[in-house]
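Note that the chains take the letters A, B, C, D, E and F in the order they are written out, and that residue 1 is the start of every chain.
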Amino acid sequence: MIRNFAVLLLLLGLAGIFIHLMQGYIPATELNQSAHYYAAHSAEDLGAANIVTAIIVTYRGLDTLGEVTVLFLAATIIGMVLANGHKAQRSLQRQLPPSGELLTTASRLLTPLILLFGAYVFVNGHLTPGGGFQGGAILASAALLLLLTDPLKRFSHRLIAVVESLSGLLFIAIGVLGMVLAGGFLDSRILPTGAFGTLFSAGSIPLIYSLIGLKVGAEFTSMLNNLAETEKS
Amino acid sequence: MVEILIMLAAGITGAAFLLALGRFVLGPSRFDRVVAFDVLTVIAITFIVLAALLENRGIYLDAALVYALLSFLGVIAIARYLEGRF
Amino acid sequence: MEAIMDIIGGLLMVGGACFLLFGGLGLIRMPDIYNRIQAGSKTTTLGTLLTLAGAACLQPAWGWKLLLIGIFLIFTNPVSAQVLASTAHRRGAHQSPLTEVDRLAEDREGKA
Amino acid sequence: MMDWIAMTTGFILILMGLYGALTHRNILRIIVSFTLANTGVNLVLVSVGYMLGRTAPILDKAVPMAEAVTRIIDPLPQALVLTAIVIGLGITAMMLTYAYKLYEAKGSLDIASYRELKW
Amino acid sequence: MNTLLLVIALLLAAAMLGAAWVSIRVHRVATAMLAAGLVSLFASVMFLLLAAPDVAMTEAAIGSGLTTFLFFFVLGRVRGGRDD
Amino acid sequence: MDKLVNKHRSGRLRSGIILFFVLMLFWLMLSSQLRIDVFVIGTIVALVIVLLYGDGLSFLTELRLTPKAILTGFQYYGYFFKELFKSNFKLAGIVLSPSLPINPAIVKVRTRLQSRMGRLMLANSITLTPGTLSVEMDGEWLYVHWVCMETADIEQATARIVSGFESYLEVMYG
């Protein structure tokens, strides 16, 4: 009872702060300074039609590196925490009822399409909404579909690790190349900017976003794989 | 004229949305809630298309594409859970 | 010409929305889970397809993407409905007392 | 007006999520409440960048390059939230993994049964 | 036209709060998770109305499959625990 | 034995090539523009997917490549949409009538189709058409939930529910 009362008191205090914040909130009618800079310059300098992509990949590229690192750490920690337990043995696994012929066929049909759509999303990150993070999640969803169709399905750890580390390495290499050839770390102007609005434009942004997409997809897939390998207690 | 028609369509879709939401809240069994969830996802696609039309931006459709392609994954995951397979 | 296309598109959208409404109504009124799945899967598929067709009439430039959404919807919606129905049957979900014949349950019992 | 609606919803979601996280005793319920609060925070952040009558910060035929400054909304909060959602999924997966391991060790999900953590 | 978007946003906000309420008050854990998925779905459409298609797409890609799967997977693994 | 393996391999190659072209088609539809850079990237992506996921199916993998089959395909889609409309109006009638005239049952029907795509499309079509919902597929038996049951007999139910689609799908996929 006391506990609930304390919780309510805390939430009331928070609500007071929020109401105060909302009273002080004045909707902006003009872009602020940094946003103005991004809006005016990103299309000319970098050739990226999607300004959010330009910010994520180039202007705040270091932040993105940090995010990818956090995600990598999360995946690694999940793997380490789960690796401690007893791994499932094939022979000990429960007898599962067959997973329905129609779902199997449908997953055979839809998995290539989901993979293709994921690739579309991260290759076109500089033109359409979308990019590496979304595309990576969609790739992992394809893996999830396979996992749901056949619960005993396992993905090759080696393939996942190779894709993940290769894309990570290439990502950093492109970043360093930007430092050598252009203005700074992860500067995308190491490749020609190209015609605005085409696929081969915006310097190295599509390349970097594709690498991020592959890396994120591999990380999510390894998370799913590690979770699926645990044995039902 | 077209505006009125679109407004009418949005209103009717909103009514359908509320009905499906009602089934979600009422639903006696878990299966009923899952069906309502499925229907609500499809109605969300309609809302996205409507928003794209109203704001006149074709790029919004990509989000609808994601839902059209991936929404059944959630339902299948829940069905697997209900079957006791995990 | 464009005005006519606009009117057709708007009418298609209203029709699609009506089917969505019938789906929602069916979801509320039908007595058991299988009938609700029927109401949910069929009407929402056609309703969304009509809405997409209407949007394609209003904005012909988006046609390809709307067509893709339609194709994906036709192939994913029945799959989820079927998986859900099969799961419901395996877990013995409540069936309306109106149900007269249940061959699947009979065959299951015969096998077991 | 849209930003007010979204902001209010976001704040209420944060409060509801925190309330759930603080009052429930089941670890899984606590994690679910955390995801609710997470969604609320994202909503508030995005709504701060919204501006009335403007459109998404993606340039194409509808928004040519020359009009960008007067037509688009603030892209910075969107860039922040974009990564925050992905990180949120990573964090959720990690919390769920810990919940699973805790269950394996104790055979219960009730936080009252974890007495070693009290002092 | 703007008013219509506003009405849709209001509807979505109300639905979101309702789903969140269901999620924290309902008895069963599975229903709470389903309601959380619903909140994520509505939030995605809301992001789109707030002119943030990138964010909407991220939320859609992550909320539609992965989050739901993770929650229900762990719930299925721990089911049989006393506190259901 | 050798011949069988060879046949299997060539079948795999054929399905891989078909999958590649279908993926290219979808890529072009997604991009909705025809330019050389789109084409190049699409080729790379489709190739990688085909190599990584070789046992994927596509809409055309098991389609018989005869003019008659293709023509039947178009007829099938026409019939399908007609039935979809019919089913929706029927369902709307049921939902809107105050007495809710339903008579549900799960009946058992038989199908002759052998190919996987044909069976999937049959089940999907049944789910989307008048008052029926495929619940489970087991060998040649298909269990169908029927809102307004007209007959519980296997042969008659097969004639009512399945044969309309089956006649088209049998020509297309076999």
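By definition in this document, a contact is a pair of C-beta atoms (placed from the backbone, for glycine too) under 8 Å apart; a residue touches a chain by one contact, two chains touch by 3 or more.
Here the structure is a predicted model, which is why all the values come from computation and not from measurement.
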Set of chains whose contacts include both chain D and chain B: A, E
Pair exhibiting more inter-chain C-beta contacts, A-E or B-E: B-E
Farthest chain relative to chain F (centres taken as mean CA coordinates): D
Chain D and chain E, separation of their C-alpha mean positions in angstrom: 11
Separation of mean Cα positions, chain D and chain C [Å, integer]: 31
Approximate Å spacing (C-alpha centroids) for the pair chain C, chain F: 16
Overlap residues in chain D, where contacts from two or more other chains coincide: 3, 8, 19, 50, 55-56, 58, 60, 78, 82, 85-86, 89, 93, 97, 100, 103
Residues within chain F bordering two or more other chains: 26, 30, 123, 134, 136
For chain A, residues contacting two or more additional chains: 50, 52, 97, 100, 102-103, 106, 109-110, 113, 117, 121, 128-131, 133-134, 137-138, 141, 144-145, 148, 220, 227, 230, 232-233
Chains touching one another, given as label pairs in label order: A-B, A-C, A-D, A-E, A-F, B-C, B-D, B-E, C-F, D-E
Parts of chain E lying in touch with chain D, wherever the complex brings them together: 2, 5-6, 9-10, 13, 16-17, 20-21, 23-24, 29, 32-33, 36, 39-40, 43, 46-47, 49-55, 58-59, 62, 66-67, 70-71, 74-75, 77-78, 81-83
Chain E contact footprint on chain D (complex, rising order): 1-3, 5-6, 8-9, 12-13, 16-17, 19-20, 24-26, 28-29, 31-33, 35-36, 39, 42-43, 46-47, 49-50, 53-56, 58, 73, 78, 81-82, 85-86, 89, 92-93, 96-97, 99-100, 103, 107-110
Touching residues on chain B, where the partner in the complex is chain D: 55-60
Touching residues (chain side chain C, partner chain B) in the complex: 6-7, 9-11, 13-14, 16-18, 20-21, 23-25, 27-28, 33, 36-37, 40-41, 44-45, 47-48, 51-52, 54-55, 58-59, 61-62, 65-66, 68-69, 72-73, 76-77, 79-81, 83-84, 86-88, 90-91, 93-94
Touch list for chain B against partner chain A, complex: 59-60, 62-63, 65-66, 69-70, 73, 76-77, 80, 83, 85-86
